[in-house]
């Protein structure tokens, strides 16, 4: 790829990562609110709902980092297997 | 932003709104058909299914307008709080 | 549309089809893994899970081709009705 | 055409026909994906045994597509009416 | 800002303000779609009878939006803190 | 490569390598989002108590990722075969 194309590709990569972060933010709120919101008698989250949302968000962030590491391990292992002509 | 950028941004805003309307259309059909379709013994929707889809679509449209208004109230309230340096 | 616009539109159509194929691939894995993965005591899919994923993927691909044909029949029928000024 | 219930600034110049054509392509591919996914969920239940669709599944899929497209039309009419009454309210 | 838990190549030049503004528009429209869908699921259960929202459904929707936006804020704080600690770890 | 079961007009000129590279980036980010969401649903059940993943959850996530990637590979082989037989039918 020419330097300009590389620049354009890195720009895309970087913009995609920002898009993914914003998408994860919205997914996280959707998932944890769906999981943790119990009733709609008040306009404010109660203590139980707030605690649940906090734990849900923290666990999801930690899970995402762990999935990223495992995903990389597998990709690296696959690359090694292919290089060594091994069909797992 | 320069006038050209503003023009481009308004163009994006307008195109995004059209995209959202088409996406809502598809989401509405998906959601109400999933909710209201009961059997697949005939190629045509029966009266009960048709009634259910009509009510589902009407209620979803009304709900979306109401959510838009509440969403704006909250955004305006947040802007006022920030202006007044109030942390809710 | 000018030839250049036509070229651009065909390019978009072709890129959209590739995007759809990749999206279907990811959807298929998500759907069939969700349906077929039973336990997480081992790092490998067991025979039952593998068989289930194969059947799920094969059936989904066949269903997609059939939906495409039925979808085209209906679109062609609608075009004929409109041409003949018939309101079904 | 907006569901945000407030008057939008007049769009500068209308959307280009190319942009509209592309959005229609994207809309139909989204419709197709959603319809296939839902008819699979409703018509294909067992994932063991034969990997071909059986007769029951095939006729279920045909009817599901036909009813889904009918729902697509009916909801389209309702959305159009809602849009027109929204525009009327805003003196659009 | 990346969740892939490894150090990324320094982005060549920062994102253009235009790109950021467009992404924010897309983010709010995604937030709006998700919130409407979830509040519909939680507040509107019966699809027969009146096609207007009844009083119960209307107050449920108002509270759902208010609580959803509160959750949006709270999760935002948690994500920000996680980002900062990630950056600190990488000597970012 | 199309599931629309009919022969498509010959694409004018092949896709640009840049377009392909970008689509691959988008594909992996979609794969990553789906896999994280599904493994969260399958491995993380209780949202009260500790906000760290416990030992059981951690090993569940590791196995979930490994099995998900195996499924990704297996479905890839099936899709490839289906594509080839589709192309053969159309004398592609």
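Letters are used for the chains, namely A, B, C, D, E and F, taken in the order the chains are written, and counting of residues starts over at 1 for each.
The rule is simple: a residue touches a chain if its C-beta (ideal position, glycine included) is under 8 Å from a C-beta of that chain, and two chains touch if they have at least 3 such contacts.
Remember, it's a predicted structure, so these values are computed and weren't measured experimentally.
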Legend entry - Interchain contact steps from chain B to chain E (minimum; 1 if touching): 1
Legend entry - Intersection of contact partners for chain A and chain D: none
Inset, instruction - Please state, in steps, how far chain C lies from chain B along the shortest route of touching chains. - result: 2
Legend entry - Chain whose Cα centroid lies at the greatest distance from that of chain D: A
Inset, instruction - Name whichever of C-D, C-F or B-D reuses the B-E interface, so over half of the contact pairs are the same residue numbers. - result: C-D
Inset, instruction - Write down the chain pair with more C-beta contact pairs when C-D is set against C-F. - result: C-F
Inset, instruction - Could you put a whole-Å number on the gap between the CA centroids of chain A and chain E? - result: 14
Legend entry - chain D-chain F separation of Cα centroids, rounded to whole Å: 24
Inset, instruction - Send over the residues of chain F in touch with two or more other chains. - result: 26, 43, 62, 66
Inset, instruction - Send over the residues of chain B in touch with two or more other chains. - result: 20, 23-24, 32, 36, 54, 58, 64, 68
Inset, instruction - Between the chains shown, work out who touches whom and classify the graph as line, ring, star, complete or other. - result: ring
Inset, instruction - Head round the ring from chain A, going the chain E way, and note every chain as it comes up. - result: A, E, B, D, C, F
Legend entry - Interface residues, chain B side, partner chain D - complex: 7, 10-11, 14-15, 17-26, 28-30, 32-34, 36-37, 40-45, 49-50, 53-54, 57-58, 61, 64-65, 68-69, 72
Inset, instruction - Would you pull the chain F residues touching chain A in the complex into a rising list? - result: 17-18, 21-22, 25-26, 29, 32-33, 35-37, 39-40, 43-44, 47-53, 57-58, 61-62, 65-66, 69
Legend entry - Contacting residues of chain E [partner chain A, same complex]: 1-6, 8-9, 11-13, 15, 19-20, 23, 26-27, 30-31, 34, 38, 42-43, 59-60, 62-64, 66-68, 70-72, 74-76, 78-79, 82, 86
Legend entry - Residue numbers on chain A that touch chain F, as the complex places them: 1, 5, 8-9, 12-13, 16, 20, 23-24, 27, 31-32, 35-36, 51-52, 54-56, 58-60, 62-64, 66-68, 70-71, 74
